[in-house]
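Here the structure is laid out as structure tokens; the discussion comes afterwards.
Order as written gives the chain letters A, B, C and D; numbering starts at 1 within each chain.
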Amino acid sequence: MLNLGVIGYGYWGPNIVRNFFSCPGINLKRVCDLSPERLAKVTSTYPSIQTTHTNRDITTATDIDAVAIITPVSTHYEIARECLENGKHIFVEKPFTSSVAEALELVNLAEKKNLLIMVDHTFLFTSAVKKMRELITQGVLGDLYYIDSTRVNLGLFQMDTNVVWDLAPHDLAIINYLTGQHPHTVLATGIDHFHQNSENLAYITLFYENNFMAHLNVNWLSPVKIRNTLVGGSKKMLVWNDLDNEDKIKIYDKGVELHTKEKIYQALFSYRSGDMISPNLNPTEALSEEARYFVQCIDSGTQPINNGWAGLKVVEILAATDQSLRNKSIPIKIPSLHG
Amino acid sequence: MLNLGVIGYGYWGPNIVRNFFSCPGINLKRVCDLSPERLAKVTSTYPSIQTTHTNRDITTATDIDAVAIITPVSTHYEIARECLENGKHIFVEKPFTSSVAEALELVNLAEKKNLLIMVDHTFLFTSAVKKMRELITQGVLGDLYYIDSTRVNLGLFQMDTNVVWDLAPHDLAIINYLTGQHPHTVLATGIDHFHQNSENLAYITLFYENNFMAHLNVNWLSPVKIRNTLVGGSKKMLVWNDLDNEDKIKIYDKGVELHTKEKIYQALFSYRSGDMISPNLNPTEALSEEARYFVQCIDSGTQPINNGWAGLKVVEILAATDQSLRNKSIPIKIPSLHG
Amino acid sequence: MLNLGVIGYGYWGPNIVRNFFSCPGINLKRVCDLSPERLAKVTSTYPSIQTTHTNRDITTATDIDAVAIITPVSTHYEIARECLENGKHIFVEKPFTSSVAEALELVNLAEKKNLLIMVDHTFLFTSAVKKMRELITQGVLGDLYYIDSTRVNLGLFQMDTNVVWDLAPHDLAIINYLTGQHPHTVLATGIDHFHQNSENLAYITLFYENNFMAHLNVNWLSPVKIRNTLVGGSKKMLVWNDLDNEDKIKIYDKGVELHTKEKIYQALFSYRSGDMISPNLNPTEALSEEARYFVQCIDSGTQPINNGWAGLKVVEILAATDQSLRNKSIPIKIPSLHG
Amino acid sequence: MLNLGVIGYGYWGPNIVRNFFSCPGINLKRVCDLSPERLAKVTSTYPSIQTTHTNRDITTATDIDAVAIITPVSTHYEIARECLENGKHIFVEKPFTSSVAEALELVNLAEKKNLLIMVDHTFLFTSAVKKMRELITQGVLGDLYYIDSTRVNLGLFQMDTNVVWDLAPHDLAIINYLTGQHPHTVLATGIDHFHQNSENLAYITLFYENNFMAHLNVNWLSPVKIRNTLVGGSKKMLVWNDLDNEDKIKIYDKGVELHTKEKIYQALFSYRSGDMISPNLNPTEALSEEARYFVQCIDSGTQPINNGWAGLKVVEILAATDQSLRNKSIPIKIPSLHG
């Protein structure tokens, strides 16, 4: 039985608590938050959970084995370091940290202490992302040409961050997982309409080797919610509309093939337009699966797909994106600290 | 009665011929194309129209007052110049020309000869674009924050051009018309998956004065057709989905307002989420209206909204976009040749 | 504080328990179910709730003031009667009872004992239904012409009931509430594809006075889920698509008007096709509101809109529908036991 | 070369003329209409076509081999009879005639004269209906359980007919073609909101042998246009949304199977929910194909799938539907005059 503490019961915390509370193998002992109202809500819903407004009652507690850190990103590093130093596994909300240096230090500390870091890249545990990963690794889509993702809505403007750090971590974690590749360069354009040193709308292009490219459209100022991702492959192409409850993924037998007739040095294209298949997807709750996976990985000593290195890779791209935005949209090389 | 000749009866030509043929005030006398099969099709559908495979039977003909040039862009300049030199008004398929210099020369020539140039920016004559123009000029949307347009589909790969010159002219003509502004800088990322010196997918950011920005997503390699434009304003925001036959335009009473409480130097946002209105749009055929407008402008000596200068402005942005794509996506200043 | 017991923790029970548990003014003391596995689930999620597998521990308990009966419809009458006889208010899952006689007896018993019956017509507490009720009572739609509802999906075939008793109660409760009218006659066609004495698909026409008509399409064997209701009025018409998260209700300024020119005894119609408005709807959880309303009605001694008489009216129509289906689809007069 | 005359150039006539004019093997010689304005439109669009306002210039003309009758249904019989008596093949707009007796007389007359009747059931020539016919005849859907069709919109109220005769012929022709079966009984409910002796909304149930049932929802007073058909089969089920340009037909690997365990005399169901496939459909224009088929059938002496008997079968059901509506929705047996 894994004794768990949760720090942070704001917007996302209640979902974490609900799923970890009902997860077999987890004993959710204590929740920490600064707000007495939130803690009262914990108590009324889960009378068996203890509450505290002091982080140290969790980070240094001897009766806690692992900690879920569901606080604003600027606080992740301090809390996470304290947890690791006190021998606790950690589950950290995305994005992992607010800088590459912080992420790197935590990853190294966890390795030294032989502790597990899991970053909450929830989408990796959805049926849709798992199905896409399967289609790509099994070669159904062929060589990947591009991924084009739109993630826009009327979003909460956050003072301490921008739309990139808020929305793009989802896409970056997904694209990293789907492709197994890391972009070598990023370039971003964006605008801060309200002069808050915080872009509320940004367009991010990721450059890769191998004829592949990715593009992200993130926007806090859209009248409608769009969650649409196009994946172009040499054999098939797909559309993932996460808001479509019936046909979330549509795989199109459509494509273009290039034929070179050597003698006449002339290129010709042929088009293919066949059936569309929408695979049946299992409607499990991703967060509940991620909670079970957390326990499993700790029990078996396995590195999760969303470990600290995976979190670090996302932060590397976010940081480079910010650098491009701060420097008139010049292309920024992304270092490969993750080896 | 305006005696009209049409040069080019390929993909778009038949639509032009159908609409100009039935347009009051126009006598469509002659159609030119290189292909005998296409000319046979003209004859069988419109026995009264003469056919020829020689441009000069139209460009220099004394019984022709105006010429519609519906050929590949690389040929526009030569044919257009010949028409103007022979005293004919011209209607030119978009994009106007393949370079800024060509466009400028044609515009100057037409002014000198007192002839009219109309560039086929058909979308300006749709009920949707007219309604958006009305909403913007009447201040319903407030100050414009951004326009974000997606125009993707499985498109014909064209050897002599790229996806930017094929699809972006629509968006550029529309954005120029809606905003009345010209971008000072453009930056584009893109990829040429088939190594044809021709991007088949590109992302274009247009930078403007006044806190406004535009972004275009054009793609020949998308499994699905998307024609979706978001327009963000300070008072209202709208979505134009050109493929939605019922509710093409949706106007959202949604927005974000910034409040600054001076004493505490703290910025606060408030959100508004009200009703959505989808205005009733008149389902007229844009091309038919554009044909009537062509006659009117010639008769009254009025400069059309889609005149040579309007065509030139679009070509300026297209050329700068290409320059950015050819130079590792650096930002390119857009000259203002159009005064 | 209202001490509540819940009987039945099957498909719908957990939703009831979750909402009543967190409802202010309610002390959810005890849950009854026959299955030990389900009771274990209650205990692990709500350690403070007692469990039992004996109805009488709730129906006759002196520390219980009100009972939520969330069991199969065939058991409602017995349990409800026992509750009322023991002085307990009841909240009963829809449909209220399996016969008109049962419903009538319970309603009379409750009145005699001065106890409250609330039937779980959850949809009446959604923002969509409340908005439609407002539009109708305020005269925005004008005179009602028709309501046409489609409620189909791949549904669980239930042995002890048919698709009418499973799905139609929703529509009937809504239509009764929206119109304030009771149909005088019902006629139904349907089919029992698997020879189980249980229609899995049915079409129900309800006849009313005043030029109004309603139609229900209910189906357990549809490949797709549809929840679509058209409401035709003399002034405006609306569409309620309950699966559309963005624009659940669309109000169309469309209609037909009849003009009679007396002299020529000729009828002429004119059509109106104006804007569409989709009102902003508050996304509250209906069941949570219904729970608070239950407490309120008991505290204030008010009859709820979904009281026993409302439940009885729905059962009257369901029973008449069954009679029509059993008798070769003849029209069946609906008695007005409810005065 | 088939010399063709067309009678009627109202709402649908221009589509007929456009498609037959450009159909190989057809010489469209003459168009008749009472309105000089409409005839002027014929002349301006097709200068080679002669015009007349007298039917007999076509029905009795010696230079005409076949006649397309695109007039109001009440006039079909007279004109058709005159054509057949004068040795002309006929193409008749749907519905074929306004009574069963008229249809039967025409069919017999054509057989006696060895002439061809084709009824304009255009939908049979769409890729969607052809694909569904293929799926059904090849057994992909298994045994048919039901067809449920919704065909509603804000339609023109017609004085001389009701919504049933206006919209249902499409569905009836399609269902007859798909199933190859004829219903033995029909029952309809409906309402005439404007007291014009003409239902503007009707619900039609068709009863068949073999566990199969069909239902039609036709409505002239709907704020939105819906063209949605569900087809339930024992192996697969499909949805045909004719307004969806991308995925018109969706085939669901969903279903319910009944298992009977003999010993315990208990029925159990199991559910299947697999992938969805949307077949690629060829976007040809149905009317153009129907025109070519008309020539082919005449040339080869073949009976078309939409011959006079097919037209008669539709009229039989329409007439029985009217009878049910006129008689308080009683079930009406449908005679089998067609053998």
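List of remarks:
Definition applied: contacts are C-beta pairs under 8 Å (C-beta built on N, C-alpha and C of every residue); 3 or more make two chains touch, one makes a residue touch a chain.
Worth saying up front: this structure is predicted, and the values here are computed from it rather than measured.
When chain centres are defined as mean Cα coordinates, A lies farthest from chain D. By number of C-beta pairs in contact, A-D leads when B-D and A-D are compared.
Distance between chain centres (mean CA atoms), chain A to chain D: 53 Å. Rounded to a whole number, the gap between the C-alpha centres of chain B and chain D is 41 angstrom.
Looking at chain A, residues 224, 250, 273 sit in touch with two or more other chains.
Against chain B, the residues of chain C that register as touching in their complex are 247, 250, 253, 273-280. Every residue of chain B that touches chain D in the complex is listed here, in rising order: 21-22, 44-45, 47-48, 224-225, 243, 245-246.
Those residues of chain B that touch chain A in the shared complex are 145-146, 148, 150, 152, 154, 156-157, 159, 187, 189, 191, 193-194, 196, 201, 203, 205, 207, 211, 213, 215, 217, 219-224, 230, 232, 237-239, 250, 252, 254, 256, 258, 267, 269, 271, 273, 328-331.
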